[in-house]
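When the chains are written out, they are named A, B and C in that same order, and each has its own residue count from 1.
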Amino acid sequence: MVIRRNRRLEWIARNRLHPEHSAVLMGVNGGDEIGPSGLVRKRPHDIGFIGPNGIKRIDRLGNSLATMAGAGAHKGQAEVSLPLYVVENASQYVAVVLDAPEGRLSEHDKDLLGLAQQLKAAADNAASTAVAAIIFSSAAPEAARIESYQLAGVDRLIVLPAESDDYQPEQRAAQICALTAQYDFIHLCFPDTVLGGADTGRRVAANLAERPATSVWKLDGTQLICRGAAGKTDITRPLSKVIIALEQCADQIDESKHECLALSADAITLSASRIEDLGKAQVNPNDIDLTEANFILSGGNGIEDWDRFHEAARLLGATEGASRVAVDDGFMPRERQVGATGKWVTARVYIAVGISGAIQHMQGIGQCDKVIAINTDDSCDMVKRADLSIIADSDAILTALIETLSNQSSAEFHPQEAVA
Amino acid sequence: MTANSSKDIAITTLLSVGQHPLSARPRRAEEDARALEVMLQFAPASMKALHAGDTADAQNLTVLKDYLGMGIPSIDVIPTSADSDAAEALASYLANAGDGQPHILLTGTRSEVGESSGFLPYLLAEKLAIPFVPNICDILSIDMAAGVAEVMQSLPRGQRRKIKTQLPFVASVGMAAAIPRQSSFGAARRGVINTVSSIDTVADEAQTAWKTEPARKRPKRLKVVKAKTAAERFKAATAKVQSSGGEKIYEVDKAAEAILKLLKEEKVL
Amino acid sequence: MADYLSQIIFWLGITLITLGVIGAMRRIRLWRQGQSSTVHWKGLLQIPKRYLVDLHHVVARDKYISNTHVATAGGFVLTSVLVIIVYLFGIKGAVLNWLMLFSSALMLVGAVFVFKRRINPPANLSKGKWSRLPYSLLIYSTTFLLLALPATGLLPDYTGSYLMIALLSVGVFWGFSEMYFGITWGGPMKHAFAGALHLGLHRRQERFGGGRSTGLKALDLDKDSLGVEKPEDFKWNQLLSFDACVECGRCEKACPAFAAGQPLNPKKLIQDMVVGMAGGDTAKFAGSPYPGVTGTYKGGAIIPIVDTLVPANTIWSCTTCRACVEECPMMIEHVDAIVDMRRHQTLEKGNTPGKSAELLENLKTTDNPNGYAPDSRMDWAADQNLKVFGEDTQQADVLLWMGDAAFDLRNQRTLRATVALLRAASVDFAVIGNQECDVGDAARRLGDEATFQRLTKDNIATLSKYQFKHIVTTDPHVFHSLKNEYPDFGGHYSVYHHTQFLAELVQQSKLKLNSTSLGDVTYHDPCYLGRYNGEFDAPRYLLESMGISVKEMERSQRRSRCCGGGGGAPITDIPGEQRIPDMRIADAKEINAGTVAVACPQCNAMFEGVVAPRPDIKDVAELMLDATVFEEAH
């Protein structure tokens, strides 16, 4: 029998990128290739698979080709179980007082747990030292939360009772002080968050007559590096008992899992607080300083009807900003000017209405998260910067926004009013 | 609150010598100046300004003059050397003030030089055994009869919270308070600096062991790629950065929806 | 009967002149409420010359009124002298009669033109008592003309014509009242009495005879109260100068802030100072108000001015462009008065508006108005390889003063161009680098004399360490301060504005310029180079050397309209109806200019802030750089 060479198939078999490559390899002849001599040839190239990056991979671990292919690869990995880090018979503790708003760890909390683990490793008796996280909560945390604590490096968890989320710094400091008396923590770490850990931590330190290390941003061996002089200097100082640390003070824990065993706190009777939280005050968005505002609606040269602009800002609950031209033309007061020559803003959302984006203005909004541009010119700098651009007349868009918002508010609130 | 009672009270503001972040020149500390402004605006019957520091230093005196220029007639200075603990000096001065102890003691939230720990007001409150309210921006009212005061506390992102506290108390004033008034040359010239003597100052020994140097730039944490396989590392290194060039919408009727959707995603609405 | 008339004239004359003298004493007492200041007695002898030369030079910018004034005032003075000789001293003579005829006729002609101008007066003229003046002038001149006619024999004697005598008596009474009594009792003729004295006793004697005196007067910081709080805090000769105001409103026409609808009217300001000095209220003022300000305000010599008599925004609207001073025929110094009041507000009250408090604080802590790190002043020149005094050299021919332009991206271009041009001309120059402090111009105009003097002393101390022949700067404000204000503090330098220095280089053929084709170019005179320092030609010479024929805007040179950037005006930021730079760019658009050549970083910044479409804004140095022929380095 004369074996005729099918040169096309041979070519396809050589060409890994050919769409029919694998089918050809599997063989029109039932998977076996018959060589020119009539013998069945082994195909060493047939083992393995082509990875997502186009490079051939040979899987010697035995994972099947099917599970590795495509999206399945990532799922497989998430289930890789991290090594569990166990502290048996903990004799001393590094305490971390977490902000944990609603029980959820903030990035700052995780950084702090990383720092606590470093402190633990640096402690004299590291093997029997545990990181104890302290949270305030009215109820025990749910399982999912516990797991997140485990992954963030919490060896032990102490839940202190909290009646409410009100600002009760004296109570909380007293609770932590009592706990310190109970467990004699070697370190007490607080996140340096305004009115959070920064406040509680200093209260605790004052109560314990300890000098806190504040604005800590790095643990260097057994030395702490702190920011001093309002951020202008670095102070290297020995470890202290109370440590109030900045964000990113240490790498977060991500390669180990921790026990997160519950520790109990002795019940204490709290004396009446001398400070009472009367609740948040209503703040008119326009009374918020532009540099602090979270949500800014900013108007520029493209606005014809300023009343409509103000109305839209009111309905959106946005702080009003303006471009230099709008201020110069007297439509907005000077302190509302955004830009290099005005205010440098840090809003989460910045809506630029009819602002084409002079370089000074773009500098001023450099730190905003999301920018929405409303402009008639789709080639202007603001549209290039924006995450969402509306290319249309600004007044029309503002009108549409006002209509939608007032429809929504009537849909949302009026029925309740009717019931009431 | 009744107008009379609120004005009968005594407020003392602690002043420190600040430092300009760029030129490193001494200046009015921004927050202390705001604290002084809060006091001047409230205009109680008794207003005092207190400073603990080195009176021999000409530059310090210039800064104190700048505070005087805001319209406070005099500043009491507790002479301390640069290496002594100002907190101890202030605490013992205030503790021994007797009747002169103020109802409200205002400070900035932290100093602009030295350790800048922001611990001083906490320490003072602890030593004087009175409450402390951090980061206020205004004194709202004072009820002398009930012995309580209401203050406005500033939270991040321009939010405010009302706090009721017992008198007397210590409060730190943050940057959200009213911008301090201009310092006038004439008032500065007329103001008086009184040196308060007979305070034993304690040297700050802990600080001698510290090493202070100009702030290093903190390394910014990069997005850490925890890739387990070469393929993932490869992908992480070569993956196209998500384009920031945003979506463009040309139709008016879709625009409002799109905007509101984004606002809701960002939780600002 | 004629004797009766003579008797009437005699007694009326005696009475009203006596009352006039009493009024004069009273007026002098008002001026003496002011603070002491050098009395330039010799100046009194110069009055006629100053009137005829310096004052007339200003008045003559309006030919109509200058001719009118020569006729009226000349006629009046001559007539009055004759009236005194003839009727009071009783000296008679035909020559006197003919002279009287001539002088009163001359005055009558003038009075007719004054009257004509008042038929439909422009907005800048005051009404009220000033509307009465043409009638008084007509009556006075007609009366003495009618009295001179029979005396010269041209008409028969009026003897027997009781009506005529009665009319003439009324005329004499009216005329004498206005001219001899009113002149010292606050009538419109007050300007003649106070004006003449003011010309003689002017606080800036250097201004006469073609001189210039534009630097602000130094303030003694050890005095009890700094600046002007109440009218009596002015120097006595300033109070006198306010009384000299003739309410012609030329300042009002020239004032950029007034035109922009900001609450400033230099004329009203001066009149308010008169109200303050004499006591009373502003109800009688019959000119244009401060734009946007209504109501009557009260004042007195010992009553604080700001916010009682004059709104605070009025004194902060001024750009210190000196257009009003330049236009004032009575040589009143409006800017001095405004800065004096600002000094009190800033130094004593700590009440400087807008962002100025921040600016002054920045000057204190960083030596520059915007609070940049003082050691970053040289950052712009990282690639320029400049010689720095103290680091690379101790001496150079030229010290290049960088000014605040060093921190401003836009004006750094001007600096770079200037550096390139100086290099092309092989000029040996160096900068003082980070040791340079702000020159203090803005601080001083904002009334912060203390900061100005501190900066001045620091700068003078730095400059004294190095040897140089000239200072060259691209900033007219720096130029003015170094040249005209630093000498008061012991800093005497040969200062050039870059256009002046470059013009010399071009003249000496050290720089060669090609022709450029830029289309229509106009040149905007910066106030601090032009009006303050009289330099109009150097920049124009440079532009012409590039083959540009400068198209002049309607207001140029001495009458150039301010850009709105001076005197801290962009910082105090007083609201108006429109912006001054917009108006100036409108001037440029009116003549279809494609490029506005400027010579000042402030003008540059203000004009570039005008919304497009607008002409290109280029510094003269930048234009030159494009046109310079660079020779190959050997």
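As a working rule, a contact is a pair of C-beta atoms (placed from the backbone, for glycine too) under 8 Å apart; a residue touches a chain by one contact, two chains touch by 3 or more.
Remember, predicted model here, so these are calculated numbers, not experimental data.
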Practice prompt. Taking CA centroids for every chain, report which one is farthest away from subunit C.
Written response: A
Worksheet item: Which chains are joined by the largest number of contacting C-beta pairs?
Response: A-B
Fill in: Rounded Å distance between subunit A and subunit B, as computed from the means of their C-alpha atoms
28
Discussion item. Report the inter-centroid distance (CA atoms only) between subunit B and subunit C in whole Å.
Written reply: 47
Worksheet item: Roughly how many whole angstrom separate the Cα centroids of subunit A and subunit C?
Response: 62
Worksheet entry | Residues on subunit B engaged by subunit C in the complex (per definition of touch) | 20, 22-23, 25, 27, 66, 69-71, 181-187
Fill in: Residues of subunit A that touch subunit B when the two form their complex
51-53, 55, 57, 73, 77, 80, 167, 169-170, 194-195, 198-199, 202-203, 205-207, 211-212, 214-215, 217, 226-238, 248, 251, 254-255, 274-281, 283, 287-289, 292-295, 316-319, 348-349, 351, 369-372, 374, 378, 383-393, 396-397, 400-401, 403-405
Worksheet entry | subunit C residues touching subunit B - in the complex, by the definition given at the top | 221, 225-226, 346-352, 357, 360-361, 364-367, 371-376, 448, 450
Fill in: Complex interface listing, subunit A residues touching subunit C
301, 324-325, 328-330, 334
Worksheet, complete the sentence: In the complex, subunit C touches subunit A at residues 354-355, 573, 575, 577, 579, 609, 611
